[in-house]
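To keep things simple, chains are lettered A, B and C as they appear, and every chain counts its residues starting from 1.
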Amino acid sequence: MIDILNMSETSEYTEHVIVEDNRAIINVEGLHYRQLNALLRALSARGIKTIEIHNVYGQRYIGTGLKGTLDIKVYGIPGNDLGAFMNGQRIFVYGNTQDGCGNTMNDGLIVIYGSVGDVAGYAMRGGKIFIRDDAGFRVGVHMKEYRDKKPIIVIGGKTGDFLGEYMAGGIILVLNLRGKEHSMRFVGVGMHGGVIYVRGKAKHVGKEAKIADVNENDLHLIEGLLKEFSEYFNQDVNVKKIMECKFTKIVPFSHKPYGKLYG
Amino acid sequence: MYTERSRKNLYDDKIFSSCAIFGMINLKGERFTSKKPVRAVSCMRERGNGLGGGFAIYGIYPDFKDTYAFHVMYMNTRAKKRVERFLTRNFRTLLSEEIPTENSNVILDPPIFWRYFLEPLPPRLKDERADGDEYVVNKVMKINAKIRGAYVLSSGKDMGVFKGVGFPEDLAEFFRLDEYKGYMWICHARFPTNTPGWWGGAHPFNIVDWSVAHNGELSSYGTNRRYLEMHGYKCTMHTDTEVIAYAFDLLVRRHRIPVELAAKVLAPPYWEEIDAMEPRKRLMFMALRQVYQSLMMNGPFSVVVAHHGELIGLTDRKKLRPLVMGVEDNVLYISSEEAAIRFISPNLDKIMRPSGGEIIIGRLERSRVIEIPTFTRMVQIK
Amino acid sequence: MRSHLLPEYIVERDYTKCTRCKVCIEQCTYGVHYYNAVKDTIESKSERCVNCLRCVVFCPKETITIKRNLNNYRENYYWTQETITSIKRQAETGSAILAGMGCDKPYPVYWDKLLLNACQVTNPPIDPIREPIEIRTYLGRKPTKIELELNNEDISLETDLAPNLCVEVPILFAAMSYGAVNLNVHEALVRAAVECGTYFNCGEGGLHPNLRKYGNHIIVQVASGRFGVDLEYLNAGAAIEIKIGQGAKPGIGGHLPGEKVSEDIAMVRMIPAGTDALSPAPHHDIYSIEDLRQLIYALKEATEYMKPISVKIAAVHNSAAIASGIARAGADIIVIDGFRGSTGAAPRVIRDNVGIPIELALASVDQRLREEGIRDEVSIIASGGIRSSADVVKAIALGADAVYIGTAALVAMGCTLCQRCYTGKCPWGIATSNPEIAKRLDSDDAYRRVVNFMRAWSIEIKEMLGAMGIDSIESLRGNREQLRGVGLTERELRILGVKIAGE
C-alpha cells in the first residue's frame, strides 16, 4: 500500500507527482493502474481538487472508488472502465477512451474530447457523459433512472448497433454532427424505460421500442443538452440551425415488453 | 510445467482464451525489429495472465525466401527423430538447426524448438499431384496427428511462429526476437482457463503462411472442426482458434475466394440483410452462406490474421470483442486496445473502429483490388 | 366364441354432478355412453372405451373419470397385461393386432440422456429477445465450393445453385396421408406451414385439388403405391419425397381399409371408392440402389430439375451405409424416420419391435457422411417422435439440418394418443374420413393451435441457442460439443459422438 500522505518521504512516487496548492500533476508513465488509482485516492484525501494525469496508456478504472469532489484531466488514452461506479467526480479526457466508459456510473461528469469504445454507460444510474466524436456498440445498455436521478449520454457523432439495449431509464442523444450517414441497427431492443433522441432518422428499431412524436418538452431538453455540449467542446455548433433539424424520438412500447412470451 | 494432452482423445476439451491481439504491417514492405510490437503487446499485459503468448513474423528469412520454413516443437527427442525421418522422405532439407533461445528464469521447462528449411521432393510432389502448399498442408497434418510429441508451429515460406507459455515480452526474450526483422508482426497474449501450461495452446496458430491470433471463444467450434476434418484438416491443438487458420486456408487458398468474402463466410450478414440486397449480390451471399454454413464462426471473436502481403482484422458481427485500427505513415496497426497502438505511435494519422463483421485489410501490394464497399475499408499507401 | 377379454378401462360417472346433458353420448364415437330412458340416467359400456378422453374434456360438469380396469392379470414383469391380452385376442380373431400412433414401449429414450450446454463467463449467452438469433435454414443439395466471377471492382456468383427449400424454422410437418387423416387436418397443416414459413408433406395419399394453391409450401410424396402421382402432382409442390420406408412400420407396406376410402379420397388417390388402398412394401421398381438413382433422375427430369428430391427411409440397422448410397444416388435431402414415429395403422408387433431410435441412426448417418466427405452435399431431416423443442435442438446438434414432426402436430390439434386411428372413429376428428366425425375438427381452430405451438417452440429454440452462445442455427448443426451424455455406456457415447457430462 502506498502512503502518499508522507509523499515527500516516499521517493518512489515523488518523481511521478508534482503538487501545487490544491492541484496535482502526475506522470503516469510506468505506473500500473492500481498504483495510479491509489495515488488519486490519496491525493484526493489530502484535499487536492484538480489532478492532471499525463502519458496515460491504457490504465484502467481511472476515477473509480473516489470520494468527494475532484476534477481529473486525462492526457493520453485511458484504459477500459474509465469512471466505473463513479460517484460524483468529473473526468475530462483530451483524446479517445476505450471500452466500458462510465460503467455503472452513479453520479458525476465525463467529457471525452474524442471517441469512446464499446459498452459506454452500461447500467448507468446518474451523471452525464458527453462525447465529442463517435461511440461504439452497446452504448447505454440498461441505463436506469429513479425519480429525478436521470443519467444522460450525449454523443456528437454516431454510434454503433444495440444503442440503449434494455434501457430502463435516462436519456441518450445522438447528434450525428460529423455528417456521416449512420446505420445503427437494433436500436432500443428490450427497451422498457427512458428515451433516445437521434438527429435524423433511426431506421432499424427493436420491436420493444417505437418511434414517437417529438414535442415541445423534448425540443427544450435537446436544446439544453446541445448548449451544454457546445460549451464543453467549443465547437462551431450552430445550436439554432441544428434545432431546426428533424429529431427522431424512440421510446418503449410498454413497461412490460415480454408479457406474452412466457406462460 | 506442462502436460501434453492425451492423443487418444482428439475430441478433447477446447481451451478458451481471453486475450490481447496485436498486428502491425509496414505497407511498403520495409522490415522492422521487435521493439514496437513487443512494447505494444506488453502494454496490454492486463488482458493476459502470463500463461501464453506468441508472435508470427513475416519476412524473417530472406536468404531462404522460397523454401518452406518449418518451426517444429518437440516434447521429447524421440519425436524429433521420427519427424526428421519423415521430413527426409518427403522433402529436401536445405538447412536444419535449433531455433536459438535464451536461458530464462521465467520461461520454465520449455520444449525443444527446431527449424527446417524445406522443399517438397519433386518426384513425391508429382506423385501426389499437389502444388507445393497443398503438399505441405498434407504433410503438416500428418505430423501433428500421427507423430506423438511433435507439433509443427508454422510451415510458411519466409515466416515463422514463436510461441509458448509465458508473458509475450518474456517469450520475445526467450526466442531472441530482437535478432529478427520482419515487415509484418502479429502478437498474442493469452489468458487460458483450461490446462495452463500447454505450449501448443498459445497463439498464433498457423498453416502454410496463414497465421491467426484470436480473442474470444467459438461456440461453433464443434461444427467448424467437423467440417474442416471432412476436408482433410486435423485439429490437434486442443484450441478453438486452430479452425480459423484452416478456414482461411481452405477458403482463400484452396477455393480461391477473395479474402473479403472469406471474412463474410466467417461473419455473414444477417438473413434479413441478405434478403434486402439487390438480386445478384443476394444470390452470391446466399450461396456463400449456404455452401459454407459450417464455417460460420459463432461466439464472440476478434482476430488478427496474417499471410504474405496482407494483414487482416475482423470481429464477430455483434462486435462482442474489441478491435481498433490505426495508421501512421505507411504502417497499419490492428489491436485489441487503442492504448497499445498509441503507446508505440502516439501521433496517428487515422484511427478507426470497425463495425461488427466488418473487415480491415492492409495490403502490401495492390495487385488486384476487389473493393466491396461497406464491407471493406482499404488502407491506402501514401 | 365366448370372449375371454376384459375391458381395458372402466368408465366412472359422478352422478351427483351429471345433468344428463348427453354431450358425452354425442361426442363418443365408440358408442360407449348411452341413455337409459327407463332409469333416466346415462350408462356406459366400458368394454368399448379406448381412453380417448373426448367425453372427459367436453363434459361441462367434469363428471366422468376413466380408470384403468383394476381387474388385471396377476402382476408379471414378463407376461404383461398387454402380452396376455394380445394372445387371447388373436385366439379369438386369428388376425394381426393393429395399433395406431407410435411405439409406446419402454425402450431407452436417448433424447432424455443428452443435456445441452450453456455459456458462462468465457462466452456470453445471447438474449434471443433482444439480439437476433437466426433459425432459418436451407434444405437441398449444395456444391462443395462456388465459382465467383470477377469483373473490375465487381464480384458475382458464377455457379448455378441447385434448388433448395427455405425454412424459417427448422421444423417441417411430417407426411400424413390423405386417408389416414382427413382434409381438415391437411388444410390446417398447410396453412400453418405458410404462416410459419415451413413446409407440409402431403403424404402418400395424393394432394387434394383444394390445396394445390399452397403448392409453394408443400412437399409431395411418391410412395410405393404412387397414389395420385401424375405430372401435375409432381410439379404442384416445392419438392418431391420418395418414400422408401416409415419409422413406425419399416419394411412393410401400407393398408387403408376400404371403409375409409371415401369418394373424395378415391378421387385424389385415383382408385375406386370403397376399395382397399394398398401400398406395397417395396417400390416395385426399386430393388437396388441403382434403381433408386433411376427413379430420382426420372423425377428430376419430370420436373426439369427445379425441385429438390428427398428420400425417406426408416431408421434401421445399417442406416449409415444406406444413407451414403442415397446421397450418391442423387438425392438432395435424406429423411430418416426413427422407430418412435407414428402411423395411422400398423401391426403392433412391427410398430413396437422393428426399427431403431432416431438419435442413434442420425448420429451414425451424420458421422458416416462426414467420413466420406459428402455430408455437406445433402441435407438431413430427422423424424420419429420429436416431442419438444429440446428434442429439436438436440437433433440438430447431433447433425440434422431440420426435423419433421407428426405426432406433436396432431397432439396440438387435439389427439390424445389413444392409438385407435385404425378404427376410423377418431373422436377428435383427425384420423377419420367419416364426414360426420371429421367435421368436428375445425380447420381454422386447428390451424391456430398449430401456429401457436410452433411459435412457442421457436421461442424455446432461440432461448436454448442463446444460452449456448450461438446466434445462428448453422453453428449448431452437428456441433456435438454442445451436448453431453448422462447414463450412457461408452459405446453409446461413442456412437452419438458425445462426451459424458463432467468432461
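Criterion: a contact is a pair of C-beta atoms (placed from the backbone, for glycine too) under 8 Å apart; a residue touches a chain by one contact, two chains touch by 3 or more.
Nothing here was measured: the structure is a model prediction, and the numbers come from that model.
Novice: Of all the chains shown, whose C-alpha centre falls nearest the centre of every protein C-alpha atom combined?
Specialist: Measuring from the global C-alpha mean, the nearest chain centre belongs to B.
Novice: If you average the Cα atoms per chain, which one ends up farthest from chain A?
Specialist: Between chain A and the rest, the longest centre separation is with C.
Novice: For chain B versus chain C, what separation do you get between their C-alpha means, in angstrom?
Specialist: 46
Novice: Could you tell me the distance, in whole angstrom, between the mean C-alpha positions of chain A and chain C?
Specialist: Going by mean C-alpha positions, chain A sits 55 Å from chain C.
Novice: State, to the nearest whole Å, the distance from the C-alpha centre of chain A to the C-alpha centre of chain B.
Specialist: Computed from C-alpha means, the inter-chain centre distance equals 36 Å.
Novice: Tell me, which residues of chain C touch at least two other chains?
Specialist: Chain C, residues with two or more chain partners: 131-132.
Novice: Where does chain A touch two or more other chains at once, residue-wise?
Specialist: Within chain A, residues 162 contact more than one other chain.
Novice: Considering chain B alone, which of its residues make contact with at least two other chains?
Specialist: 318
Novice: Where on chain B does chain A make contact in their complex?
Specialist: These residues of chain B touch chain A: 43-44, 46, 318-319, 322, 324, 337-340, 342-343, 351, 353, 355-356.
Novice: Once bound in the complex, which stretches of chain A touch chain B?
Specialist: Those residues of chain A that touch chain B are 33, 57-58, 60, 76-80, 96, 98-99, 115, 117-118, 134, 136-137, 160-162.
Novice: Considering the complex alone, what residue numbers of chain C touch chain B?
Specialist: Per the stated touch rule, the residues are 119, 122-124, 126, 131-132, 134, 136-138, 142-146, 148, 150, 153, 155-157, 159, 161, 164, 370-371, 373, 375-376, 468-472, 474-482, 497, 499, 503.
Novice: Report the residues of chain B in contact with chain C in the complex, numbered from low to high.
Specialist: Listed in rising order, the residues of chain B that touch chain C are 11, 13-14, 16, 18, 193, 216-217, 219-223, 226-227, 229-231, 254-258, 261, 268, 270-272, 280-281, 283-284, 286-291, 293-294, 296-300, 318, 320, 368-372.
Novice: In the complex, go through chain C and note every residue touching chain A.
Specialist: 127, 129-132, 459
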